[in-house]
Amino acid sequence: VDGPEKAGLSWEQSYLPSFNLGGIFPPLATPFSPTQEVDYAQLEGNLRRYASIPFRGKHCPPSFSMQAPVRSLPATEAACRHTPHPFAPSPATQATIELTVSMAEAGADVALVVTPCYYRGAMTTAALIHHYTEVGDASPIPVVLYSVPANTGLDLPMEAVITLAQHPNIIGIKDSGGDITRMGLMVHKTRQEDFQVLAGSASFLLASYAVGASGGVCALANVLGDPLCQLDHLCRKGQWQEARDLQHRLIEPNMAVTRRFGIPGLKKAMEWFGYYGGPCRAPLAPLSPAQVEELRSTFSANGWL
Amino acid sequence: VDGPEKAGLSWEQSYLPSFNLGGIFPPLATPFSPTQEVDYAQLEGNLRRYASIPFRGKHCPPSFSMQAPVRSLPATEAACRHTPHPFAPSPATQATIELTVSMAEAGADVALVVTPCYYRGAMTTAALIHHYTEVGDASPIPVVLYSVPANTGLDLPMEAVITLAQHPNIIGIKDSGGDITRMGLMVHKTRQEDFQVLAGSASFLLASYAVGASGGVCALANVLGDPLCQLDHLCRKGQWQEARDLQHRLIEPNMAVTRRFGIPGLKKAMEWFGYYGGPCRAPLAPLSPAQVEELRSTFSANGWL
Amino acid sequence: VDGPEKAGLSWEQSYLPSFNLGGIFPPLATPFSPTQEVDYAQLEGNLRRYASIPFRGKHCPPSFSMQAPVRSLPATEAACRHTPHPFAPSPATQATIELTVSMAEAGADVALVVTPCYYRGAMTTAALIHHYTEVGDASPIPVVLYSVPANTGLDLPMEAVITLAQHPNIIGIKDSGGDITRMGLMVHKTRQEDFQVLAGSASFLLASYAVGASGGVCALANVLGDPLCQLDHLCRKGQWQEARDLQHRLIEPNMAVTRRFGIPGLKKAMEWFGYYGGPCRAPLAPLSPAQVEELRSTFSANGWL
Amino acid sequence: VDGPEKAGLSWEQSYLPSFNLGGIFPPLATPFSPTQEVDYAQLEGNLRRYASIPFRGKHCPPSFSMQAPVRSLPATEAACRHTPHPFAPSPATQATIELTVSMAEAGADVALVVTPCYYRGAMTTAALIHHYTEVGDASPIPVVLYSVPANTGLDLPMEAVITLAQHPNIIGIKDSGGDITRMGLMVHKTRQEDFQVLAGSASFLLASYAVGASGGVCALANVLGDPLCQLDHLCRKGQWQEARDLQHRLIEPNMAVTRRFGIPGLKKAMEWFGYYGGPCRAPLAPLSPAQVEELRSTFSANGWL
């Protein structure tokens, strides 16, 4: 027995239209208290503030699910009470499967599964196809592939994506690499499948829609959720000129809260827009005053502050 | 005295609207005879065949201008008799300036100047700004920057692009890196300047237009010139859905004649579409029969053969 | 209160000569049963077989300590009953500290602490110095830095190494990068400190000794422990010509059980030399028969089989 | 007819013992006048000053032979009047062959042939073997392979080195990559051939000798020729402890005149040791006063100034 049945899905479940990933998902930042404990009350507060934004769903932070799986469950439950959301487990195949089960029990609708990477030299196309096939077979919820070379040093090979797109319980990919040729080719080569491509960053969101992507999982959505949902809307309506102007103003702020200043930059910017940012856990270091100033000017120069 | 005047341009010349780069440019493949000599008659033949395609201009092959500058002039002249075109000189600043003069004398309208790269560790932002400023000051024809990290191992830094965009004799950039975030940011940060951004490859042409590019210099235009001009046309008219379908069918053929099989693949494919391809010079090796087959199936699977 | 006292060490403990790292350490492979459970009996068996080899110590496998810390303790204890050994914890600073405490309680003499890397873009020199200083301050056992760019995508910067070498509870570095210039410079720049440099691979062991390293933590020691201890001995005695001949014969086998075939190759080779290798956990895939053959011929061509 | 005979070599010439590369070669810096012309008188002056240093030979600067071949001949002749030396031509196979002929006529004893790299994606093992075989067949003087990934982005593959080592007119390799595992493996895999391995940098010279290299082509030899020849001497005599102390003091100065400050740093340092350094050609920029200070302190902190 293979496929969804092995995972305990009935025929109806497995052939229902897959979970619709069209739209914007914020990968929620994990709020910590001043003593660096996860602050569930602040997470609830942020979720309340996000409730008015037309997000398609939310994405549980990797620091919960991937790096400290057991302790992440309460926070995941808090997130789950509000909205469907994918998440990001990791390394060994069996541990990843167990995590999809835990997350499904906590109410997650979709599992966002990052490429295993510690032994990246051994992560051949065949090994990655095998890993995701096992996870897809066993996961009680649909699986979204997650390729993020800046963190993992590994691009999920195109050949693996094309093969895995045929799996009935693998419904899409979040690709954070920013290679727009690859985005277009993934859409093109999976056009016969029920498979959705998501941009993994706000910097190339419009371009991704232009080549056929369905949505985006964007760190910047923690800060500028409404403009990102508006960009999604403009692209869907074909208002490309307005979309372009909006996209242009989002690139620098996005780069500032990702590549340039990372999580500490993201949390600082969240505070300017009414969300709880709070401290980061070591080894992530807080921004210096000069960096805060640079971050702020990036938002103000593009008309956001 | 600085700027264009130093280069012998009158006030009128330097303040005329810059050369319009909007559209598609093929970087012409250099035809060799069976004895590996440049075959000017075959070049003329190809140019005649290209005459019916609405290219914006043509781009003299780097193998002429950059790697064997002196011998390239006759071929450049042949190309110049037919159409405006940029070209690609190289390494030391003074030698690059001399080459812009030679090329202008041969009839080139624009100089496409690749980043110097042999001592890439020393190619700081400041050094690159200085290099291009000197070239821009002295070149009798407008200069287009050329960043091609796959060949040079060097991305022209964003800060250098923004500074150089203000130079009156630097009118644009050909960027072959494929980083669409960077393309969009270049358009955005130079929006106050008379500066045009060109995609350096057909793989990300539509996405580049979507974020504000003016055109493309695409190897694939040697083979599929008409479809690329049609893609340019669809993007300009806002017919994004048709454009997307066309773009999708061009990605694999383009990758096959660039990254996958390089110049030998390009020349082989040219022959299938009525152009002269001919042999490559060593150390470039001809394709094996299996590679030819793979190349061909890439074109046929996408409906071009 | 800072430094070792914070970690509960008395003055005497902290100023005793540091743990001597001179010699060869195998990073123990984790034995799995056919059902992919950790097989402690087989681990004990391997440890018994290693008992006759003059290793300086043993290094608990990263798959225990870093990727599944809690379940690793029994195996760690098994290892600890036999010999002193460092180990490899990971990501957030506080979790790493907790792991050093657990490992010390399980009997480890030294903590081998890999660079945090998931947010590698944020891992500046300052952030890494802060991380290791916190860990060094709090760890009840001496800390050895561990830089392994092939797995983490991150080189611990030289400036961080030089600063951290001054910490009284940081006694050395395992460097797996293979940059011999860096190895020599680390020895040279820390010559005033009580700081020991270990080669992280058998491929460059002799060269590391030649520039002043103290020993090596080498995957190949799981297979060819005696020849590696002999190489250590020859280098210490200044018999460089014999050492060179031996080193030459170890390079290809080492590359085969690391870069080329990874853990699956290592475990297969262990079986040929009388150890328990056993299966790997997915997503690591077993070798194909052709790969086994290639692996075997690498050992036989160099006179080991 | 293949091999040396094709190149006009008699049987005796081709079967004589090959040119002995054992020892230190400076890759001569090209002296420019204040107006950036090649200054042959200063070159002669430097060569006179180097005459008392027991170099094995000299290596004509790449800026002569590779980047401006025709104009380089007089300087090459100047160099040739003093000492045997290899040199570095480049890109297309036929042009490289012509350059070996010119250089042989100018008196060069050995041709140092860098890997072609502009179309590096096409530079497969097979293409590189073909290129060097053609050059080896046709060159009137012995050929030394030259792999310098920092400049070319390309490592000459081990398999190509092993194959080419069997060619009777290819006598060695200069490897500047700094991968000591590779250096050792090259020595080991070519031990049956008349093939010599040279370190391409002073930073890993001792380690290279330790694994079996014959000598080094080291930029730093332009500045500290005597200490480098002394290091060569100590290694040959087996005085490894003295060699290590000397090697340690050379790493930082070497990094300063290569990776850190490049040619401008090298030329500045030459002046402190009694040689003519002079200006660099754009786009290489002169050092700032702060950089000069940093460079100087690198030499003084290691006891050279």
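Structural remarks
Labels A, B, C and D are assigned to the chains in the order they are written; within every chain, residues are numbered from 1.
Definition applied: a contact is a pair of C-beta atoms (placed from the backbone, for glycine too) under 8 Å apart; a residue touches a chain by one contact, two chains touch by 3 or more.
Just so you know, these numbers come straight off a predicted model, no measurement behind them.
Among the remaining chains, A is positioned farthest from subunit D, on the basis of C-alpha centroids. Distance between subunit A and subunit C, defined via averaged C-alpha coordinates, is recorded as 34 Å.
The distance from the centre of subunit B to the centre of subunit C, each centre being the mean of the chain's C-alpha atoms, comes to 50 Å. Looking at subunit D, one finds that none of its residues touch two or more other chains. In this structure, the chains touch in the following pairs: A-B, A-C, B-D, C-D. On the side of subunit C, the complex with subunit A involves touching residues 36, 62, 67-68, 91-95, 116, 118-124, 126-128, 130-131, 134, 150-151, 153, 259, 262-264, 281-285. Of all residues in subunit A, those touching subunit B in their complex are 178-181, 184-185, 187-188, 191, 201, 203-204, 206-207, 210-212, 238, 240, 244, 247-249, 251-252, 255.
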